[in-house]
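Listed after this line are the structures, all set down as structure tokens.
The following pair of complexes shares a single chain, subunit A, combined with subunit B in the former and subunit C in the latter.
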Partner chain A sequence: MNRTKILGIYEDHEVLLEALDKVQSKGFKVKDVFSPFPIHEVWEKLDLHTRIPYATFIYGASGTAMTFAFLYWSSVVNYPLKFGGKPLNTLSFVIIMFVLTILVGTIMTFLTLLWRQRLYPGRKVEMPDPRTVDDKFALVIEKTDDLDDKKMEELNTLLKETGAIEIKESNVQYYEK
Partner chain B sequence: MYNTRVRGVLIKGNKSYSQVTKDILEPLYAPKAPTWWKISAFVATVALLLGAWAIYVTISTGIGTWGLNNNVAWGWAIINFVWWIGIGHAGTAFSIFLLIVRQKWRTSINRAAEAMTIFAVMAAGLFPLIHMGRIWDGFFIFPYWNTRGPLWDNFNSPLFWDVTAISTYLTASFLFWYVGMIPDFAIIREQAASKLRRKIYGILSFGWLGNAKGWLRFETAALLMGGMAAPLVVSVHSIVSMDFSVSVIPGWHTTIFPPYFVIGAIFSGFGMVLTLTIIMRKLYKFNDYITDGHLDAVARILTFISLIMGTAYLTELFMAWYSGSEYELFTFMKNRVTGDYTFAYWTMLTCNAIIPQLFWFKKIRKNITAVFIISIFINIGMWFERYVIVVTSLSKDFLPSGWAMYKPTFIEISIYIGTLGLFVLGVLLFFRYVPMIAIHEVKHVLKETSTDPSFAENNSEKH
Partner chain C sequence: MDKKLQLSGKFKTAMFVLIAIGIVTVVVGLIQNPVRMWANLLLNNFYFFSLAIGAAFWLAIQAITQSGWSAGLLRIPQAMSNYLIVSMILWALMFFGVHDLYPWTHADAVAHDELLQHKHPYLNLTFFAVRYVVFFLLWIYLTQRIRKLSLEEDKHGGLTYFYKIEFLSKVFIFVFAITFSLFTVDWLMSLDPHWYSTIFPMKYFMSSFYHGSVIITAIVVILWKQGYLPFVNKSHFHDLSRYIFALGIIWAYLWFSQYLLIWYANIPEETIYFVPRTLSYFKFFFYAEVVVNWLFPFLFLMWNRIAKNPNALLFTAVVLSIGHWIELYMTIFPDTVDKHYIGWQEIGTQLGFWGLFALVVGWSLSKMPLIPKNHPYINESLHHHV
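Right after this comes the complex of A and B.
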């Protein structure tokens, strides 16, 4: 469910990382971070993982297998025809298998990225804070029910103390997973 | 452990993040293209039209309009094909190899190098297609369910491998290039002043947000796609070399060909990157992003590759003698080093193995005009290398009664000019409509490599 979110806007990624630490250590759950470029430490701190590498391995392996199956079937089973005195099932199949492994792996990895991230041509999105594509970094904290006024006060001071240049609330909905 | 800080400042001028965005997107936001852009685009279009006309003549009349004969059945078309494919190796070589060896200076150049790859491979792919003669039967190359058996392709033929390798290379490079551009398109979507631009780049940005999980998936996928494309750089040109080395023609039938072709491809690719980035830097004043240090780094790599090229040329000569094959020895000594094609051979040797050695001198590496001229020499030298390989071996093979000389016709030259037009026009469109430098990648390396004052003072002059 999408709730109202509290955004702490920062101007530097190192300041943001320190703030992230402090906010987390005070028991607030940081939902997300928006940044103009990938920050590896954020992934560790938010405990984010992706299974794309496993998927890629499976794509590649099945690409190899399918290519070999097709080459074997077409050259040995379906229409056996000798070329240049070479055996029907030859070692040189390796070359096409190698190349097609990469082709299948690349295309499928690309599509997986689009699918997992719900990206497609023409998708309309609204960003919680559009400045994060350029030079701002946003710390996103979900406004859950247990955030009473006292806790909100504490969070606001905390964000300010850690160097947020702006604190705002946003109702923008976006795909979070 | 990986923080090698030998390169000095990567991005000059103590830029802020928003300044980086502004600088790189400025040419894209400009309401009108500069005059030089319009003139070049016009010239490139004329060249492209000339090429299109020549292709029309080739297809409507036949391959007979070319200067090919029974002996020299492969001429300019194959030379240009291999030349363009070689140039097309730079993008991936830049992005991937330098990513693997953690060379952060790649970030300013890789987008342009990848764009160059796409257009060069497109130009290259054109040649085998029209060389088939009956282009309308071109689909025969694909293994489709046909009514002749079904009779499948010969999967042991290097020519089939070639088709597979090059179409894979084009697809993989394009996808890799596009993935890298998605976050940059999102910047234009959010910031552009014109509504139309917001809309178009909004469509292209695929709804990119830039949240933590998105970046994690983005970087993982980009790394994986890059990692898979890396062996492709090696395999594509190895496979192209097998078009030659699997045959029994003297001068082609050698085991040195795959590594020799791969190195040659990376050499010509880096040469073209140098040519292009110097032009780009000059015209768009990207001196803070593509610094002298960047060009210096490329020049150093070229020096090293040039040495390998020289070694390969000498190895070929040595093997021609050591193999004891009189045909090999004839091809190399009587038809390349001396003989009818002396000019091509020595141009190749001078441009590829000797002139780039000038990069040993720091003064020359620092002189951008000199670097630019040498990069042009490399492009020319690599073209002549393919000329030497393709033409000399074919023109005089085993039977002296069958010897023939080869001269290209106007049609062949026009097709080549046409592909040059295609390439230049593609690059110009890239200059105008795409962020020329990977903005998010530059921002990623910005802080640690340019605004740290202690580092900048201590290391900028120590190379």
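Right after this comes the complex of A and C.
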């Protein structure tokens, strides 16, 4: 469900982190943070989680299994050709399995990421404030039903106090879970 | 910040008891079965020597990369590299056992063996002893110099010491790479003087870096639990476990490279190395070496939450110290005693050496302030956050 969002624009990431703490301690729920570069602290402060590593593990493991299955089928079952006195089901599989584990793991993770974010060539990305890919940082607070005029007032002063250079509302729908 | 480690009387007594167990085991073992005991002594000497030199290498890497996160932990590898002095003394005793371990030291064996005659200019006892002295003096000089400079830095501050340490570390890694390779060739590979592998020294080089990092991690966790190093947080633990994880993979890579090339080429004089190791009673340890040293940390530390958990890291360190033992056991025992032994001799000697190592490291740590206070990046380490 898409709601109007209140954006506090900041100019410095240290200021933003302090503001994030203050806004959260006053009981407002910060929905998101936009920044030109990744800030690790935001992860912990917003309590964000990702399941991408699990996906990568599964892709890697299935990459190993599938590569082994293919090698076994091609050089043991379908076309058993002995060379160099080595057994058909050999140790030299390991190198190909190792390399393809990495390849399958990375490519599939990358595709998963694109799919989850609905990113594809030519997609026009919508964001509440395009300046956040340049040099500005934005705190996003969702305008929920319990935010009445009094609370809005409080939030506005709070954002001002913590160093926001601009406060604005935005209706842009950016992708969320 | 100037807090020093206080060694409790209990700890010292326990370590002295371990050393006493070790001494009794060694003496009784030397009377009963000298070859087995010399093999044990070589194993344990190399085990703890490689922990010490691996820690010194770890220290050098921190200085060269100008790492900030580890600035507060530098005293631990410094204390570990102090063990090199003790190791040099203990290693001198090994010369009484060379005839029991190294076939090329027997004049009659060399006389009837063309290959050993060919190798004689390098593999002879005089040059062997000279190399031992020169290598150890080089390592001790460089590591002690780095440690002294770091202590001076504590007193005076400034950037000069930082750059001096960085320069010395650069010298050290080159010296280390060459001398350590030759040292493994001397003491481990020449156990079977007919066999050679060019990747062999690299594997032990990586193993020493790997297991050195593991023991550094273990000491950090133990000190942190005791209340020293209050600044250490999840980020430090995560960085340390990344070292273990990455080095475990590189270790397996080298192990496999050596095995695969020998297996693929299938030349009798090369495959002979793996015959006693894979076909006889050593088979179990042959697989255990890879499973414990690579598969276990690879799967265990892969999970983010475990990688940051100090107790899990301590557990990993215990398992990997067994893995290090198995690795050296597989290197030394099939070539020397060529019978599968694990008994009170092996356990007793290992315990004695652990006591000595812990005592030396603990004592060195208690002699200097635990946190280097004037390191230029110390604040980055105290507030490390990823």
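We take it that the second predicted complex is superposed on the first by the 177 of 177 C-alpha atoms of A that agree within 3 Å, B and C clash if a C-alpha of one lies under 4 Å from a C-alpha of the other, contacts with A are read in each partner's own complex, and residues count from 1 in each chain.
Here is the rule we use: a contact is a pair of C-beta atoms (placed from the backbone, for glycine too) under 8 Å apart; a residue touches a chain by one contact, two chains touch by 3 or more.
None of these values were measured; they are calculated from a predicted model.
*Asks:* Does subunit B (first) or subunit C (second) touch A:Ile165, or do both, or does neither?
*Replies:* A:Ile165: touches no partner chain.
*Asks:* Looking at the overlay, what does A:Ser92 touch: subunit B (first), subunit C (second), both, or neither?
*Replies:* Both: A:Ser92 reaches subunit B and subunit C.
*Asks:* Could you tell me if A:Ile107 is touching subunit B, subunit C, both of them or neither one (first, second, both, neither)?
*Replies:* After superposing on A, A:Ile107 lies in contact with subunit B but is clear of subunit C.
*Asks:* In the overlaid three-chain picture, which partner chain does A:Met152 touch, first (subunit B) or second (subunit C), both, or neither?
*Replies:* A:Met152: touches no partner chain.
*Asks:* Check the residue A:Gly84 against both partner chains and state whether it touches subunit B (first), subunit C (second), both, or neither.
*Replies:* Both partners, subunit B and subunit C.
*Asks:* Counting touched residues of subunit A, say whether subunit B or subunit C comes out ahead.
*Replies:* Residues of subunit A touched, subunit B against subunit C: more for B.
*Asks:* Using the touch definition from the top, say if A:Ala65 reaches subunit B (first), subunit C (second), both or neither.
*Replies:* neither
*Asks:* In the superposed arrangement, does A:Glu41 touch subunit B (first), subunit C (second), both or neither?
*Replies:* The second partner, subunit C, only.
*Asks:* Indicate the residue numbers of subunit A shared between its subunit B interface and its subunit C interface, in ascending order.
*Replies:* Touching subunit B and subunit C on subunit A: residues 53, 84, 86, 92, 95.
*Asks:* Using the touch rule from the top, collect the residues of subunit A that touch subunit B in their complex.
*Replies:* 12-14, 32-39, 42-43, 46, 48-50, 52-53, 56, 60, 70-71, 74-75, 78-79, 81, 83-84, 86, 90, 92-93, 95-96, 98-100, 102-103, 105-107, 109-110, 112-114, 116-125, 127, 130, 132-135, 140, 174-177
*Asks:* Within their complex, state which residues of subunit C touch subunit A.
*Replies:* So the residues of subunit C in touch with subunit A come to 256, 259-260, 263-264, 266, 302, 304, 385-386.
*Asks:* Please name which positions on subunit B make contact with subunit A in the complex.
*Replies:* 16-18, 21, 143, 149-152, 154-157, 160-161, 164-165, 168, 171-172, 175-176, 179, 182-183, 186-187, 189-191, 202-204, 206-221, 224-225, 228-229, 231-232, 235, 239, 439-441, 443-444, 447
*Asks:* Per the contact definition, I'd like the list of subunit A residues that touch subunit C in the complex.
*Replies:* Residues 40-41, 53, 57, 84-86, 91-92, 94-95 of subunit A touch subunit C in their complex.
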